[in-house]
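Next, two complexes with chain A in common: one pairs it with chain B, the other with chain C.
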Partner chain A sequence: MKKIIMNVFALIYFPCVIALEPLAEDELKNILGQGGVYLTGDITINETGGPLNNAADASNPAVWQKNCTTASTDKRCGARIAVNAGDGVNSGWLVLDNIRGRFSFEGMTLKTRTINSGFDDDGNGTSDGAAFNGDVLEIGLPNTIKYTNVSYTLANSSTARPTDVGFNQTDIFNVKIDGDISLQGNLLLFPTGNP
Partner chain B sequence: MKLLNSKLLNIKPLNTQLLLIGLSLSTSSFALKALDDASLSGVQGQAGLTIEQSQLLNIGSLTYTDDGNDLSIEGLRFSSQTNVDEVASRTYIMDVSEDGTLRVQSDIKPTQMHIDGIRINNSAASFGDFTLNYEAVTNFNIKGMAGGGLEGSFTVGISNADMIWKTNGHSMSFDNIGYNASVDNFTFEYDAIDNSKGFIRTGLDIGMDNFDFSFSTGALSLAGVSLGELAGDLALSANAQIFAGGRYGDEGLTFHSQVSILSDTDNYVRFTDYDSVGEGNDLFMGDFSGSVNLTNLTLDVESDHLAIGFDQMDGSFKAGTILIGDSSKPIGSIELEFLLSDYIDAGNSANNRYNRFQLYPGIRQPDFAAMPDQIKSYAESFYFDQTPTSEGLSLATQWNLTNAELSYIDDGRLVVFSGIQSFGSANTTIDVRDKKIAIGISDLKGSYSIDGLRVGNKTAPLQGGAELLLSLEVYQAMDFDIDGFTEITAGGASGGGIRIDGDYFFSNSNIGLSIDENGEGIWATGVNYDIHLRDITFDVEGDGLKINRGEQWSTMDITNLRWGNKETGTSLGRVKLERFEKNSLLAIMPGGAGQVCVGGSLNAAGDGCSGVGRFEDRGEQGMTVSLKAAFANAGTTTDGTAIARNRLTWENNRTENSPGEYINDTGTQIIFDNYSTNDGTGTTDSNDYGLQANLNIDVFETKVLKKSTGTDANGVAGNLGDELIYDSSARDSYVYIASPDAAQKTLRPLGFAVQGNVSFKELNIDAVQLKHPNVATPQTVFYGVVMQNLDLTTNLTATPIQ
Partner chain C sequence: MKLVSLKTNAVMSIILFSQLSYSDLEMLTDKHLGNVDGAGIGIVLEDFIFNGGEAVNGGGTFEISGLQSSDNKPVVLGISQFYIAGSGSDQGTNIDNNPVNIGRLTNPFNLELRDGNDLDVGVTDKAVFEFSAPTILNGSRLSERPDMGIRFDLEIDGVSHQSLENHIESLSIDGSYIRLWGGNGRMEGELALNVYTPNIEFFACDSTGLNCGETVSFQNVSIELELGQGEYQPVTFEVDSTGNFIFEVGTLEGKCASTNGTGGCDSGTAGYTELNDYYTTGPASNTYIGNVSVGGQSFGSTTISNLQIQYLEVKSHDL
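So, the complex of A and B:
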């Protein structure tokens, strides 16, 4: 799990913090560049299937061995998450199946910063920022995220895996999304409460 | 490799010194043969003198005394290699040329130099015994200088040499050493002036112009198994000044030196790892240049140790070519600038930082009683067979790296790991055991930090991105207190290479996960990190460097995960990560992402996008880091010393012991218990695929769009969606352009371009649980989470916000 966390950090998380000390004029130019990181690119899930679809890998179960292209619709070409929220062996599984698609964006920003002013939403001169006076991880949302061939299926299943004995799955609905969505503003993450 | 170079450089003068000692002391130890009349007539007819010498030299003890402390070399012997009671032969030919140059040629037949032990003030333990087998041909030319002093040139060729270090009956060796060196012109003058001790002293000034040497050796060999082969070629020019009087007392030695590594495409260092069928793969660094300056390097013999220290060492280093395995794919080039210097805090001597090394004969065991419980039993086991008379080397080290800048250049695009600083101290023991080298480190206390990255040029603004090193488990900053015990054996997964077993414990450490140059960001503080490695192998293969991790279990217990400052930042609570892996793998391979379609799919030819997307050709150079984490199901470790599992626990709402101090296991916990990977049919299945993560890393231009209409923080105006384009390659000013042309696109901001891929066949979590402090057993929320068949690819480029 540590590796997962590390890689997620490495891939999507590049924050910096604005310095709190007063700055000389000639230092200011450098500090402006340290305000955070601008991320651009895409995230793609199972564009040509996943590792279980590889027919050349004899260890893969037959039910998973599919020829997965970008145009294929076989539900085994996507990723699958099964959750047992019941009482264990006697209950079924809630499944998010056939998860595929590409999310493209330009202009997501990441930075950590101190909020100690502003946020006078009422316009009455009371700064919620001054009262907050803490550090946050700020995710600046890209104005637009482009969805390409994004799909998933919500289902109920008798077992966790398609290879398990007695596997029986009922699909509830399928979702397929193409197009742009608007995501504007900032997402602020910060610890709160008693640690 | 660079360190090894230094060692070889250091060894050579010592070797020469010992040879001179052998020459000067041996005259009374063996008899000159009387020449008959016929031989005498032959000598008279020649221009010079030929001396044929047969030498068997035994010196009981050779002692160097410094301020009343003795450094004794015991049992020094020069003999034949085949029989220590037989003579070794050598021939000297001397003549004087017309310009007054004394020319001395020597031909040294196979000889063994052996030292039984080196002790300080008759210490109970010694540094071990040393043996050097060698044969050599040398040629010295020396003449007087007009203003006093000596100058000349020399060539040395050493062949069929072996160097062996033995402690307590076990040995390690460097086999098949070949060494050739030449100096176009050297000078010895007694005119160097120094006042670093508060008074003027005169010393010896040595200069070497174009000191060119090459070497090759079977790298470290243990019990007949070699780690590989080491070879190199280097051209230097150097000056050194030597003075009487060290750092402590009245006697000792002081050196200053200035070394310039000449820019020469023939300079290289190469490590070759041979596989089981004898095929070699190289780690290669070539096209060197650089310099190293050393100020006040001192040597003193103290009551129980040899003290070495320097006030300052600064320098730079450039390797134009770096190859890992595949000789057709250079990963780029590196440049390093560094400064190690003492720091004196006039207001508080507790903050003083030094660069010092104390070498003690024998094994100085740590204070087990003062060790944390988590590592104590491993430490006691590590030193179980060692006694006060056990041979070996003990080191007490202090260092202060004031600053370093490490640059990586990929297809002409540069990224700098900037503001690297470190200081600390450590106690180390090194000895040779049965087929292994044992290295024990205790009280390794200190700190390091990396300010951030500079991309494009060395004066570009600092930015984030050093977090990329997390994939290699290198953190951006750390305050550490480490005890660790390592055993190294020769032989990797196949053929040569290195194999490591070790146990390590980090006490109350602070780890910077993502911070800026002011130390602000996200910190893991109060970290106790317990790591156990078994059967870890390092091999160079045809496609890269491979690190196989046979078995590894660890617990990282983070007392507070803080936002902001590491001491006062707001805490998210406690995070405890337990890990258990078998047969995981880390590979570092040459070559980055190559051709990429961002936001779309590559076409079949790989030279453009198939439909939508932005095509980028990120070049031939770059680096790929490939990870395979095979998370094992809960169980007993192979050596039976622990029960290990993969588990993530987040705890908060803990009882506060004192202001800011919280008691673990008194709060509410969410637990992701016993997560593991398998090959697709459940936890009873094999676990060959694991969780794989590949990072293709390049430095490349990035499309940066303006996020709102108006002027930015630098006062540059633009409209929403315009692209940021620099005015020139200097990248010190920019404009916003709605539709840049091809030339303008080459002036996009540079960034760290990472094509990442994460995939697994199955990642299984046994249970997700919640635990209230008032109940003994956690309550289960989910009785299982099964994730299957994921292949997630990202194309992301990170640039600083303007």
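So, the complex of A and C:
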């Protein structure tokens, strides 16, 4: 009786050990997902200044003291990105400063697509698509991107933050965009090479 | 006996299989990553059109400011149009329904991590980030070469003065690449920029964009610019502690152990072979312009070949 029980246990146990098997490429490639995603976006960055601009609270001194009002002659109230590509000690920062405004778009799509025909760019009957014969990630650009009072400043700065000791900044130029930009087409991404 | 062996089997199996799930997480070093090879991300823009500016899509404001004239008056560049579209754009007037494929499925733009030990990279035991344009071999076809251009108005102290235009036809940057890696506690790189176009035009018009002056055009332009060579001559871009930028192509000074009376490297001394290789196969820039014409008057062709930049420092200064 004991013998039989142990035999049964042993039999039951083994299948559990070998149950996990790798999924072969052949099996995976038959799995189909949904058609894709349709995206609509509306991003507003520091439209009326940022939280760092609050100089009113004396108990919590604001780290950004510049004036953000329309009347201000030295208006700085947007976001700031500072990048240091140097050796850190004696080097300064490349800065995108005063980033603010609103970007909106409708109809950006995200999907995968199999390309195995078309792309006959020379018009000579040879299809690049047939030669390529693979899957790509397709990002469909939204036709129009609306910029509303978008502005930023490209600058070089001695410190990462304007409140750091020895702050010194040279603004190179300011950009202001308020209008529509046409952006049509598809961005295709795919693996290359022989990994 | 059978019972015992089965038991042993089961126990052994548990030990064997469970051990498989133990393995330490280890740091990936630059050396490990340096062996990553060949697999990148291909990038192609299909049926692409970019068009923006104050004179298109119902107007708006597209301004670059912060510049000053010599008498300290503010200068504003208002961008009337900036476009990227297919061939035959006719200086930006034929944009709609004139898309372009940038990159080809079988020869795309490519983003990858290269092994720094590869002979053509030359950065010992490091992983190198590379972004490259399509290769020159089987290079971009006419339908894969965009027209691009910019029209902008020059406004000084609030008064619109002049409109300047620049149009590039059928542009190809085949063979260009940028490589970046971390070295000596900073970002270092190497750059190759190729520009091929049958025609670049510049001209100025009055403030309304009419009554344009003579056109300066450069025809059949090939520019092949190579800056830096791996870690032997790295290119760096930094901002110094006073807030000014410095662009530098590394110096070759000190690469030779012993120089002779005329400043050349003594044959057979340390560094001689590397310098010799640099002069024969190192980075070299070439420029060829088939014809320069001003207002229809031809000025003939210009060639610059095998220009080696052995040291370059560009630094900005406050005015």
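Just so it is clear, the second predicted complex is superposed on the first by the 132 of 195 C-alpha atoms of A that agree within 3 Å, B and C clash if a C-alpha of one lies under 4 Å from a C-alpha of the other, contacts with A are read in each partner's own complex, and residues count from 1 in each chain.
In this text, a residue touches a chain if its C-beta (ideal position, glycine included) is under 8 Å from a C-beta of that chain, and two chains touch if they have at least 3 such contacts.
For clarity, every value in this text was computed on a predicted model and none was experimentally measured.
By the document's definition of touching, of the two partners only chain C reaches A:D171; chain B does not.
After overlaying the two complexes on the shared chain, residue contacts for A:N186 are found with chain C alone; chain B is out of touch.
Contacts of A:G86 after superposition on the shared chain: both chain B and chain C are touched.
Using the contact criterion defined above for the overlaid structures, shared-chain residue A:G78 touches chain B, although it does not reach chain C. Touching more residues of chain A than its counterpart among chain B and chain C is B. When the two structures are aligned on the shared chain, A:R102 is found in touch with chain B, with no touch to chain C. On chain A, the patch touched by chain B and the patch touched by chain C overlap at residues 2-3, 6-7, 9-10, 13-14, 17, 84-88, 91, 93, 136, 190-195. Chain contact summary for the complex, chain A toward chain C: residues 2-3, 6-7, 9-10, 13-14, 17, 84-88, 90-94, 115, 119, 121-123, 128-129, 131-132, 136, 141, 144, 147, 153, 155-158, 166, 168-195. Partner chain A is touched in their complex by these residues of chain B: 452, 460-465, 467-468, 470-471, 473, 513-518, 520-522, 556, 560-564, 569-574, 577, 579, 598-601, 612, 627, 629, 631, 646, 648, 652-654, 656, 662, 667, 672, 675, 679-682, 686, 688-689, 691-693, 695, 702-705, 707, 713-714, 720, 751, 754, 756, 758-762, 780-802. Looking at the complex, you find that chain C touches chain A at residues 2-3, 6-7, 9-10, 13, 17, 37-54, 56-67, 95, 99, 101, 104-106, 108, 110, 112, 141, 143-144, 184-187, 236-245, 316, 318.
Contact residues of chain A toward chain B in the complex are 1-4, 6-7, 9-17, 19-21, 29-53, 59-61, 64, 70, 76, 78-89, 91, 93, 102, 104, 106-107, 109-112, 114, 134-137, 140, 143, 146, 148, 160-161, 163-164, 190-195.
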